[in-house]
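Below, subunit A partners subunit B and then partners subunit C, in two separate complexes.
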Partner chain A sequence: MSEIVAAHHLARFYKDVVGLNDLTVEIEGGITGILGPNGAGKSTFLKLLVGELRPSRGTVRVLGLDPFANRELYRRIGFCPQQDAFWGHLSGREFVQTLLRLSGFGRGEARQRAVRALERVGLEGAMERRIDGYSKGMRQRTKLAQALAHGPQLLVADEPLTGLDPVARKEVQGLFVELAAGGMHLLVSSHVLHEVEALTSHVVVIHRGRLLARGEVGEVRRLLSRHPRQVRVRARDPRRLAEACVALEHVGAVRLGPGSLSIETSDVESFFRELPPLASRARAGISGLESTDANLEAVFDYLLG
Partner chain B sequence: MKASTHTEIYRPFDGEIRERALRFVPIALSGIRVGFKKKLPLLLLFGPLAITCIVYCVMVNVRFTLESGQALEGQRLQAQMMAAAMETLLAVSKLIVDFMQRAQFFALLAITWYGGGLIAEDRRLGAHLLYFSRPITRTDYVLGKLGVCFWFGALAVVYPVIVINLVAAFSSPDWSYVTGEGDVIWKSILFALFWVLAVASLVLCVSSLVARKTFALVSVFGIVMLVEAVANVAAEITDDAHFRIASLFTNFAHLANYLFDRELVQPWNPLLSLALIVAGIAGALTVVWLRVRRLEVVG
Partner chain C sequence: MRELLTASFLLFRIQLASLARSKRTLVCAALAALPPMFALLVIHFGPDRSPSTAVSFIAWSLSLQVIVPIVALVAGSSVVTEELENRTITYLFTRPIPRASLLLGRWLAAFVVAGVLLGASAVGVVLAAADGDPLGALASPRARGLLTASIAGGAAYSMLFAVAGVFVRRSMILGLAYAFAVEGLVANLPGEMQSLSLQYQLRGLFVRPGMDELERLSTWGLDQLPGIGAAAQNLAIAFLVALAIGCWGIRRRQYLVSA
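Our next item is the complex of A and B:
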């Protein structure tokens, strides 16, 4: 599959603040997750891709075109920004229709497409209501609708799942998968790894404005498993469980707490596999299990050393 | 997502999108539409103005009626009363200038109310991200916003002036107003448009510099009132009318006197007033342009 984004030594500075620094990456078609903690530079990267920002250094090409102030490209991409950028007095339909008019559609076509896009994101019952009265999730869907309505080749969505309830999140994830199956390319940013995992195996990880990792989610996971992982286990008898866990080869440290124990393991997959029979033999009575450093922030910490 | 109603998953747009010459029009129209959503400000801002406009229309009509001697016999008493009143009635061109000077303040109010938040709120809400991911340019954006200001400013001063001119034209015997004072029509419309442009530039300039509509409202009135006060107080204290050259209202009044052949009150050349206003508009629009270019780095 050919590349849809090609960035070469891309940098963007906000006076003294580095938004993005020396990013060289090529992104192929399909769905790609842009990952990174808050303030990593994801939004800056996406804004550079959709031509909202001019690069301070380097070059970027999207669908083969230089994106800044490129009206030809704007017809081919849809952008769903992170901010709630609405005119509250308008209804959802009027909002999407207005933006479609800016894309060059005539009144009738704009209305038709606005209605269709809002129906697709599940707002058919609320599209004539004022946006002022929308919930956070409905606003997110409206933003998505305006990004989809003109039938772009590439959809760039900045944190599109934020604020959605679990059901809506699943629906939107399903929509993204359907869109990709239909031939649309998607760049979806998030700071939550599992949200992106549900969508795609392709990720670009950015931290402090730099490219931290790029590739399959599995590879990022494997990077994580090379480092000791913290696992907290709640048990009826944590002391007995701790005694049993110490015997495991990959367990480096065990710390006892009230009703729980924290375990540091160098092979978390083996640990999860071996824990159930171990707990059963020790009669420890496990009531809860959580990986305390399985989030993306922890991955970055490890990658940064 | 809504599989029950839409079997179509994704249909890439393969048609030809019309290339619009006036790409700023949808921006202006959406701003105007939003302005009309709230009825109370419309009533408060344009209600008194509509009444004033009607009063001036009646005055113009009465003047021409009396001039043409069309008062009926049965209305002789009324006609006599009106004739007495006519002594105090100004010539039509003066009436129009008088109306414009009253409407100027309403236009300032209207443009500030409807235009104050146009850029400030876009930036605060991040709406410029949506605009600029569409095939429009920064110029289209500024023109669209200027269009909103123009519409509401025109509603306050230009359209009423047109209406009064129309009433004068239709009331005048044998179209004497059009044939005799035709230049008043285009001069008054041009003058009203010039006022709207000046105020719209100032309001958009302030809007591009502040973070909220409220700040823009306060700033515009603060700037205008402060400059007026300082100019007039300085002129009074020093007994030198030249200080009034800083006042927007005075410059426009001076220009109106020159344009409509009235007595010039201020000591400076009216063309200097024109030059100052044009320079002010150019400066304000330059600030708007620079700020809109910098919209990319905000948010």
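Our next item is the complex of A and C:
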């Protein structure tokens, strides 16, 4: 399969703000994760792909077509936008059915497809209720249903797992894998690495509007684990725990605070593995543990230098 | 063309259902109720209590100059901007439909609401001022003129404000400025300039030959009104030009929708 997306020196500016800058990337079929911290340019990239925006510079082709206001392309793609927006006075079924009618399906077929799509995302019991009364997770599923109900060749989903509880997230991830197995191509954006990792090994990493990395998720993971991380440990006796921790090879600095200590480690996975026996031996009584800079923004800043 | 009509009809239905339960429609209904209420006041407490004077006074000073533009503004300015503000425009613009159907379908729904309310308002004015013969009052040229001018004004103004929404986000403010600052000035200037306003054309639809309004207007230098045919034609041209500009604009415009 040739590439489904081809972007060359793609840029999009919002007056003085850079949304995306000089992005050149080709994406092949299957599931591809678009990864990056909030504000990185993922949504701008996806909006350019579905023709909601025009590039300020460069070119983009999706399934071989220029996407802006391209009706031929819209028959072949489905878009699940990030914004939580609906015609709330409609039921979930009416909402999806209306959009299917706009996609050119007759009344009967649109209804059948709407019901099938909503069942597929697990909304069979709620599809006749007004969307205004839906929970965040149900609304997220409704957006997904409208994006896949017409059987697109390519599904573009902007942060589709946001707002879903862990069980629902797993179900939607399973659905994505099932859709891909059925031949659909998927572009799924997220700022959470492990969400994407559960779906695919192919990622495009965007940061500050630029392409940071493209390839296997394992490589990104390895880069993350080498990034020095701050971990705060709350303990009954933080001083004894600090004495034990400084002996670890990958621990760089330890700062004591009231009832807790902050540790900088260059190998966070090893630290988490070694901490429980260490704390047990030191009888330090751990009561809490948090990684204070585990967010992607910090990691991407580190990777970018 | 078939795709345009099908999509427009679907969007018309969605918008009509939405307007049926919207606060916007309630505001329009409240505004449309004002002229009949004022007509009742005039007929009971005014210095000249004749039905024809009351209808003319309300039509001239309130219905056509204030209520028609405002109701059309409230209904018309939402046509594109509401989808944008609700951030649902994304769903429509990623479907294989002509983008112009958004303007056409939703404007039609806005016009149905505005037209019905303005028509009811005109009928209400005539009935409120009727002197014991409501059917006779409704059949009078003055009543027909007010009804025609109100509905035609609703169509022309709402299209103009809908098209403004294609190009600017704050179409309501722009519309208010146009309806009252620009039209208010141009339509009341003696001479040729007034023919550039929609208001002038609406007066042409309302005032029929032989009506005593012409005498009063002549004292202000505003008696040079177009005939009914010319006024209707000018309004139709303004409407079609606005529609063409709107369709051109909506096909080319990109709208920023925040998450």
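Quick note on the criterion: the second predicted complex is superposed on the first by the 298 of 305 C-alpha atoms of A that agree within 3 Å, B and C clash if a C-alpha of one lies under 4 Å from a C-alpha of the other, contacts with A are read in each partner's own complex, and residues count from 1 in each chain.
As a convention for this text, contacts are C-beta pairs under 8 Å (C-beta built on N, C-alpha and C of every residue); 3 or more make two chains touch, one makes a residue touch a chain.
Owing to the predicted nature of the structure, the values given are computational and were not obtained by experimental measurement.
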- Query: If subunit A is used to align the two complexes, do subunit B and subunit C fit next to each other or clash?
  - Reply: clash
- Kindly classify A:Gln83 by the partners it touches after superposition: subunit B alone (first), subunit C alone (second), both, or neither? both
- Query: If you stack the two complexes on chain A, which partner ends up touching A:Leu53: first (subunit B), second (subunit C), both, or neither?
  - Reply: both
- Where does A:Gly104 make contact in the superposed view: on subunit B (first), on subunit C (second), on both, or on neither? both
- Task: For A:Glu26, select first, second, both or neither according to whether it touches subunit B, subunit C, the two together, or no partner.
- Result: neither
- Message: In the overlaid three-chain picture, which partner chain does A:Leu179 touch, first (subunit B) or second (subunit C), both, or neither?
- Response: first
- Query: Which holds for A:Ala69: it touches subunit B only (first), subunit C only (second), both, or neither?
  - Reply: both
- Message: With both complexes overlaid on chain A, does A:Asp237 touch subunit B (first), subunit C (second), both or neither?
- Response: neither
- Message: Of the two partners subunit B and subunit C, which one touches more residues belonging to subunit A?
- Response: B
- Message: For A:Glu3 in the superposed arrangement: first (subunit B), second (subunit C), both or neither?
- Response: neither
- Given the touch rule stated above, what does A:Glu197 touch, subunit B (first), subunit C (second), both, or neither? neither
- Query: What stretch of subunit B clashes with subunit C when the complexes are fitted on chain A: 21-29, 75-83 or 165-173?
  - Reply: 21-29
- Query: Following superposition on chain A, which residues of subunit A contact subunit B and also contact subunit C?
  - Reply: 14, 50-54, 69, 71-72, 74-75, 77, 79, 81-83, 85-87, 89-90, 98-99, 101-104, 146
- Residues of subunit B defined as touching subunit A within the complex: 1-2, 5-6, 9-13, 17-20, 23, 26-27, 29-30, 33-34, 37-38, 125-138, 296-297, 299
- Message: Which stretch or stretches of subunit C touch subunit A in the complex?
- Response: 3, 7, 10-11, 14, 17-18, 21, 86-88, 90-99, 251, 254-259
- Task: Going by the contact rule at the top, pick out the subunit A residues touching subunit C in the complex.
- Result: 14, 43, 50-54, 68-69, 71-72, 74-75, 77, 79, 81-83, 85-87, 89-90, 98-99, 101-104, 146, 158
- Residues of subunit A defined as touching subunit B within the complex: 14, 47, 50-54, 69, 71-72, 74-75, 77-79, 81-87, 89-90, 94, 98-99, 101-106, 116, 119-122, 124, 146, 150-153, 171-172, 174-175, 178-179, 181-184
